[in-house]
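Naming follows writing order (A, B and C), and every chain is counted from residue 1.
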Amino acid sequence: MAGELTRRALAAGAALLAMPRLARAQAWPSGPVRIVVPFAPGGSTDLTARLVADGLAQRIGVPVVVENRPGAGATTGSQVVADAAPDGQTLVMSNIASHAISPALYGNLRYDPVTSFTHIAMVITNPSVWVVNPRSEINNLADLVQAAKAKPGGLDMASSGAGSSNHLMLVRFSELAGIEHTHIPFRGAGPAMTAVIAGQVPMMSDSLPSAAGHIRQGSVRAIAISSAERHPAFPDVPTFREQGFDLSSTSWFALSGPAGMQPAVVERLHREIMAVIATPASQQRFAELGGTAGNMTPAEFTAFVAEEVARWAPVVRASGATVG
Amino acid sequence: METLFANLALGFSVAFSFENLTFALLGAFIGTAIGVLPGIGPVATISLLLPITFGMSPTTAIIMLAGIYYGSQYGGSTTAILLNLPGEVSSVVTVIEGYKMARNGRAGAALATAALGSFFAGSVATVVVAASGPLLTSVALSFGPADYFSLMFLGLIISAVLAQGSIVKGIGMVVLGVGLGLVGTDVQTGQQRFTFGVPELSDGVGFVAIAMGMFGIAEIILNLERPESRNVMTNKVGSLYLTREEFRRAVPAVLRGTALGTVLGILPGGGASLSAFGSYMVERKVSKYRHLFGTGAIEGVAGPEAANNAAAQSSFIPLLTLGIPANAVMALMVGALIIQGIQPGPRMVEAQPDLFWGLICSMWVGNLMLVIINLPMIGMWVKLLEVPYRHLYPAIMIFCSIGIYSINNNVFDVYLMVLFGIFGYLCSKLKLEGAPLLIGFVLGPMMEEHLRRAMLLSRGDIMVFIERPISASMLAIAAIALLAMLLPGLRSGKEKAMAEGG
Amino acid sequence: MKINAKDLAAGLVLLAFAVAGLYLNLDHTLGNARRMGPGYMPMLAFGLLFFLSITIMGLALFSGPDKLDRWAWREMFLILAAICVFGLILEKAGMLLTLTVTIAISSLADRTHKPLGVLGLIAFLVALCWLVFIYWLDIRIPVWPTYFAY
């Protein structure tokens, strides 16, 4: 009897404790929202996340904190969120590395980029831009192909790292153009850009935000941009398509949560994030970064992630980059 | 010259506005505080504070962030000197003589030397940046991969001199450090090396985990096992400030360190980290008091601290003139500027002269703030040493643990620190030095990267290292340094063996 | 005896690292001088370490005598155990509880500690850490045991 009573008391106590949990889960947000950034502080993902967090906090009235969980090609932080409770309090800054390339690169990944997450909103997309030293004689992709064919072993082409989306673009382009290239990987875009400016490497593939300033001030020359259409800020730079190469690719940063989030919370988050990135201040900052604010419904975004995964897997295989 | 003064006048008028002074002070204060806390570095703090700066004017924002950067550099030296806790590459060198000085009861003098030496170096480097920044940019651009490789190689060779005892053991630790640095993802191919399938290791072993384990945690165990020696420290807190003799010895070291740091800081990637122990090596070779090295020589604090600060200053040159960040902190500054709608680069001088010159002058103001904040605080810091050790060590331990956890928010780093704590204890029992290992750890991966890149670009032609004049001269210096170090070492070893044999 | 036991042991430690490194490096492609594989630099580094460690051991035969030191096993174990416990329970138990346990374990390493003093130390340090890390720096670290937090 006494045992029964204790058990009942325990059950009641547990229910009491559990109750606020349920109630709060319904009334999102139930406390500070954390956005996991799977990169180290200071990169463009981190900057974007902090811009969004700042605006989101003002709109939803709870603190939004950015937490950096870098490592393993952005998969460490993504894994943390895939494992978190789907209560809308933990989100990840999903991106082309963590949710499109790394799944092909890392054989032992525990999450599925599509089904382990609830994809909420696209935040910003950045095209890649190919730049050459201004003193170089390469003015367009045709010159580039010619230069590559003239040099034994192919032209030296730099990127911000092996397995980065910019490296994979070089691989894809060489396939399309039927040329060889010697990939010169760097540790990040900054050192690669230095090498191009100093003339040690003839060209590099870089994301527009990190190259924009250098293009504007003339320390490098842009020969092609990877977006489908020309970029409003750089109307003189032709796309790959215009130059006869069927290549278009953008790197993207978005917000996703763990799989199984409540549709109402997803809808609310999507609405708030769209509102945050629609403010003139955000638009201006995105423009300065060279990116385009995202505009996809959660369903469209989920389909987009699936497409990206399918699209990059063969390129990763062709690049020869592998991990564990 | 006149335009330089006009420019500096403009800069100071910007830097001395009430708002900018306030934020420079605030930045320096925050920076000092986070620098003192082990593990919590400027990169994390600056990114935390970044959203706050969105609402400021760009000049004020960058001035505050720069203040944090200098402050953290200085704060890092404080814990290095007082508690044997190096938070960064530069303070690894400060630990060697600085902590010995603290144990001799000269903690106050070591801290004052660090503050004043840094201030002097900062002032000189500020003038250099203002006068010849754009010119010096070409230096940074003239360094190719082969030249960087040779510079790093020279750095590794001279780092063996950091070892207090046997040169061969020192070189062994350097090479082991290089090996440790290779753990993680290979930059060129993306392949995992020596990670045992542990995802946390795929970005390499953390520098802070090694530094805190081998220095901080191992030192706690060493102090606990010899209760008699740790009380020596608390009983011997001598005069707080420099004696005339110490001052006289520190001045030339500061001058040499400043010159070395200013030059090396210009090179993006690795230049600044080389400067501190490059200076240590120079002092150990040229100082009149070189026989005192290893027992708490003030030159070993003054030179590297000055070099480190001068390099922190001149590392702004590639940022301001090329828009290329020299390290992670600088990358954050670029981010902060871009968000404000400013693109750092050659056009910045013309487009935003008040920002450009204001920033340069605020570097000096920031250094001044550091002296103002820190000189009076030396007394307080030294008082910390009077806390009985049984109360101090749990505090050091938990600050290290929280600090290391907060870097990646991952307990794996805590265990890694424990592992290196054991290894550090083992090393001190076997008279193996930690400092050369850390230098090898930092420089090794960079060296590999530049070596492989140089060979890729030259299509496998090794002559590239001799054909390039910069690279060739670095290698020549390295060869001379190696001979100079090994010959007396072998000779004395032989003499010792013979003396004992006979 | 002229054998330097410390140097001999140091050489052995370095040799162990060199051999382990060279063995693990068998998995990595060496490549050639033009296109160095992931195994090229480790081969150079650990190969050099191998020869250095042999040299150290060779020199150790003549440069002594220097006996091995005793180890403070108890202190080492307690300090490292305290930090390991910190890592084990931090994310579940929260910072305040974790610090209490960690400091209590570490205090055993110094025999001059008295129970009351340890309690005072715990109270002081927990308050200090809360002030510095939570209130002021606001770092991402769980403060309370997770069960009660939400």
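One rule holds for everything that comes next: contacts are C-beta pairs under 8 Å (C-beta built on N, C-alpha and C of every residue); 3 or more make two chains touch, one makes a residue touch a chain.
As the structure is a prediction and not an experimental result, all values here were calculated from the model.
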item: Chain whose Cα mean lies nearest the overall Cα mean; value: B
item: Distance-maximising chain from subunit B - centres being C-alpha averages; value: A
item: Rounded Å distance, subunit A centre to subunit B centre (Cα mean); value: 32
item: Euclidean distance of C-alpha centroids - subunit B vs subunit C, Å; value: 22
item: Separation of mean Cα positions, subunit C and subunit A [Å, integer]; value: 35
item: Where subunit C touches two or more other chains, by residue; value: 138, 140
item: Of all residues in subunit A, the ones touching two or more other chains; value: 67
item: Multi-partner residues of subunit B (at least 2 other chains); value: 186, 188-189, 191, 409, 456, 459
item: Parts of subunit B lying in touch with subunit A, wherever the complex brings them together; value: 43-44, 46-47, 50-51, 54, 140-142, 144-145, 185-192, 195, 197, 199-200, 202-203, 268-269, 318, 322-325, 328-329, 331-332, 335, 338-339, 341, 343-347, 408-410, 449, 453, 456-457, 459
item: Touching residues (chain side subunit B, partner subunit C) in the complex; value: 34, 37, 40, 45, 48, 166, 168-169, 171-173, 175-176, 178-179, 182, 186, 188-189, 191, 193-194, 217, 220-221, 224-225, 227, 389-391, 393-395, 397-402, 405-406, 409, 411, 414-415, 417-418, 421-422, 425-426, 429-432, 444, 448, 451-452, 455-456, 459-460, 462, 493, 496-497, 500-501
item: For the subunit A and subunit B complex, residues of the former touching the latter; value: 40-44, 46-47, 50-51, 53-54, 66-73, 75-76, 79, 105, 108, 153, 156, 161-163, 182, 184-188, 190-191, 193-195, 197-198, 200-201, 209, 212-214, 216-217, 219, 284-285, 288-289, 320-324
item: Partner subunit B, residues of subunit C touching it in the complex; value: 2, 6-7, 9-11, 13-14, 17, 21, 24-25, 28, 32-42, 45-46, 48-49, 52-53, 55-56, 59, 62-63, 66, 68-69, 71-72, 75-76, 79-80, 82-84, 86-88, 90-91, 95, 99, 102-103, 106-107, 109-110, 112-113, 117, 121, 125, 128-129, 132-133, 137-141
